[in-house]
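What follows is subunit A paired twice: with subunit B in the first complex and subunit C in the second.
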Partner chain A sequence: MTVTAVEHGHEPGHAADDHHDSGETDLPTYLENTRRNRLGMWLFFASEAFLFLGLLVTRFYLWRGPHGEIVRPELDQFAGLVVTAVLLLSSYFMNRAEVSIANGKRTDFQISLLLTAFLGTAFLIGVVVWEWGMFPSLVKGHLKPTDGVFGAVVFGMTGMHALHVLSGVILILNVWWLGRKGHFSAERHWGVEACAIYWHYVDLVWIFFYPAIYLIGSTIDIPH
Partner chain B sequence: MSLFTLGLARGLFGQVLGMVVGMLLTCGVRILLGWEAWAAEPAWTVGSVCSIIGFLLAVGALDDWLQWTKGVATPIHHGPPVDKPAWTRYFSVDYNHKVIGVQYTVWGILLLMVGGTVAMIFRTELARSGLQFLGLDLYNSFIGMHGMIMIFAILLGVGGMANYLVPLMIGAEDMAFPRLNALGFWFNVPGSVLLLVSIFIGGWDAGWTAYPPLSARGPIGYQLFFLGVFAIGLSSIVGSLNLLVTLLRMRPAGMSLFRMPIFCWAVFATSLIQLTATQLIGTSFLMVSVQRALGMGFFDPRGILGEVSPMVGGGDPVLFQHLFWFYSHPAVYIFVLPGLGIVSELLPVFSRKPLFGYKWIALSSMAIAIVGFIVWGHHMFVSGYNDILRIPFMYATLLVAIPTGVKFFSWLGTMWGGKIHFDTPMLFVLGAISVFLIGGLTGPILATVPTDLPLHDSYFVVGHFHATMFGGFVFPFFAALYYWFPKVTGRMYNETLGKIHFYIMTPAFWVQTLGQMGVGVMGMRRRIADYDPTLGQGQIENWQLAVTIAGFAIAFGVMLMLWNFFQNAEVGVAAGDNPWRSRSPEWQIPSPIPEHSFPAPLHVVGEPYDYGLADSGYVTTASPGDD
Partner chain C sequence: MSEQSHTKRKTAIYREGIIVGVTLAILTLVEYYAAITPPFDSFAVLMILALLKAILVVNYFMHIRSVWSEGDH
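Up next is the complex of A and B:
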C-alpha cells in the first residue's frame, strides 16, 4: 500500500475544522459538523451537571439544624420568586429567537435575542443587588458570605449560577451582534442553537437551585 | 528569528504579564474600597487567574475563537508554519493531533522528571533517620509536590497517548475539535508553572490532597496550587469531551464499537470518568479557595449560634473529603485504564495471537469506570463518617477486583501458546503485568475495613499505590513509548539499551514497592520526615536505604531511556513502516506519518486482532468494490 500526503480539501469527514456559520463549507459537511458540535455541547452539559450536583450535595449536607433536620436561612421570598420568574420568561424568548431564525424571520430573531439578554441582565441585577445586597445603599442584603455555611452555600450556589448567566448574556449579545451583521440563516445557525441550549441549561439548573435555596426545609434565624 | 516566534515563550511572558495585571487590579479595587492597597493572598489569587488567561491569550490558543466572536471565519492551516522552521510548530499552537500528542507526551515526561527529582531529594533524606538537610515544612511541601506533579505528568501522558493514537486507530484525519484539542494542551503549561512557582511563596505543606482545615490555613502557595489544578482539570474536561465525540462520530465505515482497537475502549472509559468526575475536585478546591479568600465557611466547623448550639451553621471538613475523593479515586482509573489498554493492545502483537476475550476486556474497562464512581469512601474509613457507610464502600471496592481479574486472565489467555517475541515493548508489558499484580493483590487488604484501619496512612498504602501507578501507567507508558517511537520518528531505538533499561527498572521497582510496604508494616507513617530507627527490630534504616537505592536505579533507567530516544530520533536506523507487523491502522501508513495520516477513508474488512490468521486484514483504504 503506497501512500502520499494528499491535501484533502473539503470532503465530508475530513473538514472537521468549521465550527462556525461561515457558509464556506458545503451543507453535508456543515450538518455533520453540527452533529459533532451538538454531541460535544451535551457532553459539556453532562460534565457541568456534576459541578451543580456537587453544590446541591453541599447544600443538603451542610444545612442541618440542631437535631440534624434540613433547614434553610430566611431569605427574601419575593426577590427569589421575581428573579425566578424573570429567568423562566427569558427562556421563552430564547426559544422564540431560535425558532425565528429557523424560519428565516430575522427581525423577530433579533428582537427576541435582545429581550432574552435584557431579562438575563435583570436576573443578574436582581441577584446581585437585591439578594446579595452588594449595594447596601439600595437594598440591604440578608446574608453575608461569612455567615457560616448559610452564607457560604447561598453565595456559592447563586454565585456559580450567576457566572453562568453572565457568560450566557455575553454569548447572546455576541450572537445578536453577529446576526445584525447578517450572519446565520435558516439552514445554518448552529451558533444560535448552541447559545439557546446553553441558556435553557442554565435555566434548568436554577429550577433545581431555587427550591433548594428558598423553599426546602424549615427556616432558621441567623444572628447578626 | 526572535525568541517570541515560539508560542511557548510568548505564553510564559503573557503569564508573567497577566500575573502583574491581576495583582495591580486587586490593588486598584482595594484602594477604591478604601482598604489597604496590598494584601498578599487576594493579589496572588487574582493574579494567578489572570496569569492563566494571559498565557492562553499570548500563546494564541484563543485566537480563532476571538475571531469568531467578530464573525471572521478562520480555516485551519495544515502543515508546518510557512515562514518559520518546521520544528517551531512543537513550541506553538498547532492543531494537528499528532503534534499535540507529542507536545502532551514531552511536557508529561518533563514533569515526570521534575516529580522524580523531588522524590529523589526526599528519598535521600529518608535513607537515614533524623533530619539531615530538609526542614519539616519543606519536606511536606516536597511530598505534596511529588504527588501532584506526578498526577499532572500522568494526566499529560494519558493525554499524549490518547490524542496521538485515537484518531489514527479509527482512521480519522484529526480529532473532532482540533482547536479545543490545542487549548486542552496549553491549559497544562500555565497550570504546571503555577504549581512549580508556588513552592517559592510558601509551598503547600498539607500534601497533594489539600485537606482542610490545614489547607485552609496553610501558606499562600495553596491558592496557586488550587488554580494550577483547576487549569489541569479544564484540560482534562475539554480533552475527554473531544475524545468522546471523536470516538462516537468519526469511526470509519464498518468499525462498530466492538471492532475498535482495544485501546480506544480504554480511552472511552477513561474519558467518561474525566469528563464528569473532574468537576468535583474543581468544586472542592474552589470551596477551600473561597473559604481562604472570602471567609465562606464551607469547611470551617465554627457555627454561627455561639454557645446556644455551637455546631449549627458550622462547616464540615469531612464534606471536603467526600467531594475530593469522588474525583480522586476515579482519577486512579483515569491513570490506569489507558495503561491497561496499552497492555491489551500490545500483547496480541507480540504473541502473534488474537486478543483473548475482546468483548470482555472492552466491557471490563467500562465496568471499572462505573464501579469506580461508588468506591470513594474507602479513602475515608478513619475519617469519622457514619460507620454504616464503611460496609457498602468496602464491598464496592472489592467488586473492582472482578473486572480487573477479567483483564488479567484474558492477558494470560492471549499469551498462552503464543509465539512470544521479547522485544523491549513486550518486556515492559510483562513488567507492567507483574507490577500491577503486586498492586492488585495488596488492594483488597486496604479495601477491607479491619485490615485497613491499622494500615491507614502508613507506608503500606504508599507501596500499594506506587505498584498500581507503575503497573497501571508507568510501565505501559514506557512500553508505548518504545512501541510507537518508530512510528513517530521513523527511526528505531537501540534495543540493547532498551533491554538494559527494563532489567534495571523492573527489579528495582519490586524492591521499592515491597520495601515501602515493609517499612509501612514496621510502623512508618506517610508524610512524616523522620522515623524511629528502632522500628522493625532496628532494621528499618536498611529497608529505607534499599528503597532509596531502588528509587535512584529507576531514575537511572529512565535517564537511559531518554538518552536512547534522544540519540536515535534523528539518526537511528530507519525502522520501516511496520516493524512490529501490527494490524492496527496507524502501522499501515508511512513512518513518520504524513500530515493528513490516511490518503483516503478507511474501510474495515475484518477483526482487529486476528493475528496468525492467513489472508485476513483489518482495514484497507481501498473501497470494497475497487481493484
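Up next is the complex of A and C:
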C-alpha cells in the first residue's frame, strides 16, 4: 500500500492513503487534513513559545546592572551577526524549497533543501565553535556556563535554540531523502510545508534572541 | 488558469521570497548599527526592529493566513 501511495505522490501513513482511488479523487480529503495539520503545528508552536519566552524573560530579569539598567556581557559581535545572517539565508532557501515543490520543480527543491541543511549546520558550528569555544585551540570562548547568571543565560538560550536547529537539520535531511524517492508532489507536500514552517519558527526565535543576547543593554565585564 | 498567467504567478512567488529575504537582511543590518548608535540602541527600537522581522517571517515564510483560509497557500 505504501509503495502505491509513493508512486502516486501520496504521503504514507496519511488518511488520504486509505482510499484506493486515484490522486484526483481524494485530494479534497488531503487538503482538509492538511488544514487540520497546520492548526496542530501552530498549537505546537504556541506551546514552544512558552519555553522561549521564559528564557527571554529570564534574560531581561537577571541581566541588570547595579542601578537596575539592562546590561549584557561582551560577546563577539561579528560572530553574532554572521550566524544571524546565515540563519536568515537558510530561511530564504527553505522558502524556495517549499515554493519549488509546490511548482513541481524537483531539482530546485532538492538543491534548496540541501543548502538549507548546510546553512543550518554552519549556524550550529558558528555557535559551538565561535561563541561556546568548544574547541579552544580554534577559538577561545568568551563565556563559560559557570560564569554566573550571564554564562547560564547565554548557554541556556543558545543551547535550547541550537537543539531546535539540530532537530530542524535532521528533519530537513529526512525530507530531502523522502523527496529523492519521489515522496512529494506539487499537490501533496504537507511534509515539506511542516518542515519549512518548523525551520522558519527556529529562525523566528533567533530573531528575538539575537538582539536580546548581543545587542540590547550596555556591556559589562564578567569576572572569570 | 492559462499557462502564461500560471508562469507569471510562479515568478511572482519566487520574487516575493527574494524581496522578503533582502528586507530581512537589511533590517538585520539596521538592527546591528542601531545597537552601536545612541540613542537608537534602546530596548524599544531594537525590539520594534525584531518585531518587524518577525511579522515578515510569520506572514510570508510561515503562511500564517493559511491556518484559517479555505484555499491552499
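The definition used in the following text is that the second predicted complex is superposed on the first by the 199 of 224 C-alpha atoms of A that agree within 3 Å, B and C clash if a C-alpha of one lies under 4 Å from a C-alpha of the other, contacts with A are read in each partner's own complex, and residues count from 1 in each chain.
Rule of thumb we're sticking to: a contact is a pair of C-beta atoms (placed from the backbone, for glycine too) under 8 Å apart; a residue touches a chain by one contact, two chains touch by 3 or more.
Keep in mind that what you see is a predicted model, and the values were worked out from it rather than measured.
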First (subunit B), second (subunit C), both or neither touched by A:Y61: first
Partner chain(s) touched by A:L163 [first = subunit B, second = subunit C, both, neither]: neither
Which superposed partner A:A186 touches (first subunit B, second subunit C, both, neither): neither
First (subunit B), second (subunit C), both or neither touched by A:L39: both
First, second, both or neither for A:L27, with subunit B first and subunit C second: neither
Touching partner for A:I125 - first (subunit B), second (subunit C), both, neither: neither
First, second, both or neither for A:Y92, with subunit B first and subunit C second: second
Partner chain(s) touched by A:M134 [first = subunit B, second = subunit C, both, neither]: neither
Subunit A: partner with more touched residues, subunit B or subunit C: B
Overlapping contact positions on subunit A, where the subunit C interface meets the subunit B interface: 35, 39
Residue ranges of subunit A in contact with subunit C within the complex: 31, 34-35, 38-39, 42, 70, 77, 81, 84-85, 88-89, 91-92, 94-96, 99, 102-103, 196-197, 200-201, 203-204, 207-208, 210-211, 214-217
Interfacial residue positions of subunit C with respect to subunit A in the complex: 10, 13-14, 17-18, 20-21, 24-25, 28, 31-32, 34-35, 41, 43, 46-47, 49-50, 53-54, 57-58, 60-64, 66-67, 72
Partner subunit A, residues of subunit B touching it in the complex: 68-69, 71, 73-76, 78, 172-180, 237, 241-242, 244-245, 248-250, 275-280, 282-284, 287, 290-291, 294-298, 302-306, 309, 311-316, 319, 322-323, 326, 588-590, 594-596, 598-599, 601, 620-621
Partner subunit B, residues of subunit A touching it in the complex: 1, 3-8, 13-14, 16-20, 22, 24, 32, 35-36, 39-40, 43-44, 46-51, 54-55, 57-58, 61-62, 64-66, 145-153, 155-156, 174, 178, 181, 183, 220, 222-223
